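As written, the chain order gives the labels A, B, C and D, with residue 1 at the start of each chain.
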């Protein structure tokens, strides 16, 4: 498998991969190009790979039809807070379960792990009622609290625990001798070393929050409180007709920044993911 | 600098006892090596002194303080770990200054102490590097530097040389020893390597199965091991043991009778003699050669004496073929007799 | 000074450490209790009630909702749709991910670019991705336009019961296969090269090397990714909501979508809660079964 | 280090609390703020409502009204969710399809007394036909502020290019019936463009097909709503014709084809006249607005209605009803009429409507709007509409394939929806 490949095999492999790439790349390409097509050109048959005419007004209309900047901010800050919160809480819990001895640790870990079996889809009805009682419907609290403590964060806790278990114990002992207490050991020694695992947790958590759809449509009803996925499905004229080119412009604005960040940092991204401790 | 005293120290995990009551007195400025086979409890004992393991019973004192319930940071000790435990995300300089930083030392003071330590260990060119950019020996030196920066009362070393290659180990052994001579700080050093113990220690504590077998100066242990375990552990190649009986004709083993010094008595015993305490002699006992290993300065010969397989080390160059017979003579001034039941020395 | 006379302080090292441990896990533990386990108990409580929102009534009805579950004529279809979706997704996702990972593991130039492109849909917003596909899959959309160029008349992907489910699965596979691909790639690169060299010396064919060395060595990754993929597949919602709204008929109405309809569109919170319990049991049983499987078949180095 | 930690945590805390604080607003003590949920986000609509609210504030200085636009697709779901959550708006638009749910639930405040007591309101001016759906036991529970007839917009450019007869030509010839309308649409469809689009139907919102099947005298369920009538002959006949128009004659776009009439490539569309605002201003085409063609059961009209009601449970229910009376009085009804076809007899004349609908000719107003409102049947509605809608939608999907067995498919619809209707 690891020998030098013959030129003919190489060409065949490149060809195969290029064909396989089509469904991965074409939709994004189509999204970007369609966002600047006039609506009548979108349905051109066969489809145009490059716009015949450019209509840049779509991008302006995105902001006219919806408070899109506000919605963008909503999604961005919710994802940021959820990611940060999950990183903090899951690394703390993961660290304690991995490295601190305390009575009942196994039982408590099992209880937390149960959360993995309970995606928020299962508990969406009572969650709705709970947030209602607390007056948090149509606020962003449910979109922040549920992911920070629900199944995705339990997964994050698990990933962090696996990582910390593998961390050499001597480092902590050295830190104890050097005069650090538990919290400082965690904060100054263990956490900086957990960057790869934290990176993976951050990626998973961010994407999860960024993509949330069921939760926002259940918990949020005011346009200016919408998150992006919710807003994207709302680019219709006043009577419900789809406005494809404007929707594509909004989708492009939603997708491109994350895509750009990913392409710039793709090495760290991929290596972080490979570090999730999922190798068994 | 302070003396360290272990008084009847015990350790157990649940019902499983790991350390069965250990008493050691370490004088101020002394270099003590804890040695023993792996699993004998020497590392646990060291970690109990450090405060990394709790003490089930007994007392550990550093200076005049009982430190049983003190955090490691409050014991005024410094420790060098087997894998060095350098913080990978900090430079050499930060690693070395780390403990001072967390004890509220001023920046200038830290810088000065780090420079001082780096000077002693020749680390100045490496201060800005990260641990992953260092060789094994350099990491070892940084780990030591980190320990001395703080000028603690006690140094603790936990098998610090076991990850180095043989040659470097010899060099570092010397460095640690000279560092101790220079600083004079009380040092407790754990190793499984008896050569390290012999070469470095002022005092060796031989441990086995959670108990102290013998405490003493290196050559005392070598010359007069208190029991068969210590005898077998100290010295390389290891002492030969021949089981048998003490009789008036001498020591009767299987198929061989060995000479005894005057005035020993007893029944079933073990006859111990180090390989270098045989000499080739025409009037010696006949032994059949199994293997000859010339080392240059000396020759190691594996042979059977009676029914016992033994090893001898000779200054001469032995030209014997396997299967041939040579005659050897034990030096009766240097034989060790142990009780066959208890293993305790009887001569 | 003897050990008898010395008084041990209350805050021993162990006690202080235990307190730190509890403090560290407290946020996660309390959060899980409040936002996961307590709601699960509530779901069960709700499922024993008839709950009319507009009339504001909440009456205990015992197992009536569970009786309804057994009699619900749509439920077998919904469960079938869920099973088809999950099975199709896992099979397609895992095999494509493995294929891509093996391709990317070859010694070729430019693999980083290919890896980036294959992974890129993962970071595209799920709803944006799905909306694009919903357009491409329309009868007069991009896919059929593309096929038309080769003289093929494509089916009406989203309106045809056979192709609708396939479309939903495929859209989801292309979206997320990159994640599993990366995990597989990392696992493949973790297989010691000596093993392949030894196998080549022993004369094993590439296929045999794959079957006897690669698959066993990466089996822990295969199992864990399959657990995550299956549990994730049971949560599919946005794709269904955007692409098919559960149709045509109920052919793509998976359990979560059905639950959403019952609870939040029809406002049958009691019955919706009963469906939640069903979903929970399915997730729990599947996860448990897979962990059991892990013990049996997964190869371990240690 | 500790400084740094404090800073970090306070930033995290601030980012947590700041945006959430925006969600709430502090009210003055005795001020009343009424909240009305609506499904239009149109700025012109909002400006008009704000104007009306400002007018109300002149006499009620402590009352302000906010209009909360909710997405149309999920409007009823969201509204019901708010009610379920004990957080209902004070006032809400209600769709005709869910009128029964709301009127029967007891959630709405009765209006008749308050309206009659309001000076110069003249409730009798509102046609009974329009209020029927919103009345229970003689008591009005919501005001039908929009009674919008379904009509056909035609693109004569497209029709002529395909060699099809335009609706105007057919009307002139006295041949404006579904056979000929479908024939024209088929001619366009077979020419490569799109013939006839039932707007917003999209094979989901099947109730919009009432604009066709009412011509056959068909209805989805019996008048009492208890039994399914999809299997009765008028419906079977109507659906057979529709099915043929879609799959055999290509007169209508098939499932999964999203076509917008106002993009200019479509022959005709059935929609409500309020969609006239979507007609393109640049590159305009030769358009026409005509009433629905006659069906086998004769001439007919269909209207979509929207009501606005006040919720009884709210703390400001009384003020809400007061505002509703103000908003729908004769003067303001005239304002509303520029966007929403009115149900007041006094406004249903050509002069009054022409002033507010400059796009339409007097003839179009007369034939489409006035006659449509006068004689129109409202779209079908039912209690528990969401579930019934979904169930029928799922059942009808088996009809929307080329080789469907129409009676069998309709039978399956009744099989699944029958038990729900009978409840």
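The working rule: a residue touches a chain if its C-beta (ideal position, glycine included) is under 8 Å from a C-beta of that chain, and two chains touch if they have at least 3 such contacts.
Note that the coordinates shown come from a computational prediction; the quantities given were computed from them, not determined experimentally.
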Handout entry: Which of A-C and A-D has more C-beta contact pairs
Key = A-C
Handout entry: Chain closest to the middle, measuring from C-alpha centroids that were averaged per chain
Key = A
Practice task
Would you mind pulling out the distance in Å between where the CA atoms of chain A average out and where those of chain D do?
Solution key: 38
Practice task
Return the distance between the CA-based centres of chain A and chain C, expressed in whole Å.
Solution key: 15
Problem - Inter-chain centre distance, chain A versus chain B - centres from mean C-alpha coordinates, in Å - result: 55
Completion exercise
For the pair chain B and chain D, the C-alpha centroid-to-centroid distance in angstrom is 92
Practice task
Give the residues of chain B that touch two or more other chains, as numbers and ranges in rising order.
Solution key: 51, 71
Handout entry: Touching two or more other chains - residues of chain A
Key = 88, 128, 184, 218, 233, 244
Practice task
Give me the residues of chain D that touch two or more other chains.
Solution key: 81, 84, 258
Handout entry: Touching pairs among all chains present in the structure
Key = A-B, A-C, A-D, B-C, C-D
Handout entry: chain A residues touching chain C - in the complex, by the definition given at the top
Key = 1-2, 4-5, 10, 13-14, 16-17, 20-21, 23-28, 30-31, 34, 42-47, 88-90, 92-93, 95-97, 100-103, 105, 108, 111-112, 114-119, 121-130, 145-146, 148-151, 153-154, 157, 181-183, 186, 207, 210-211, 213-214, 218, 228-230, 232-233, 244, 247-248, 250-252, 254-255, 258-259, 261-263, 266-267, 269-270, 273-274, 276, 278-280
Practice task
Please name which positions on chain B make contact with chain A in the complex.
Solution key: 47, 50-52, 71-73, 77-79, 81-89, 98-99, 102-103, 146
Practice task
Give every residue of chain B touching chain C within the complex, in rising order.
Solution key: 7-8, 51, 54, 57-59, 66, 68-69, 71
Fill in the blank from the handout: Per the touch rule, the chain D residues reaching chain C in their complex are 77, 80-81, 83-84, 101-102, 105-107, 203-204, 254-258, 384, 386-387, 390, 393-395, 397-398, 400-401, 416
Problem - Residue ranges of chain A touching chain D (in the complex, touch as defined) - result: 39-40, 65, 73-74, 77, 80-81, 84-85, 88, 128, 132, 137-141, 144, 184, 187-188, 217-218, 221-223, 225, 233-234, 236-242, 244
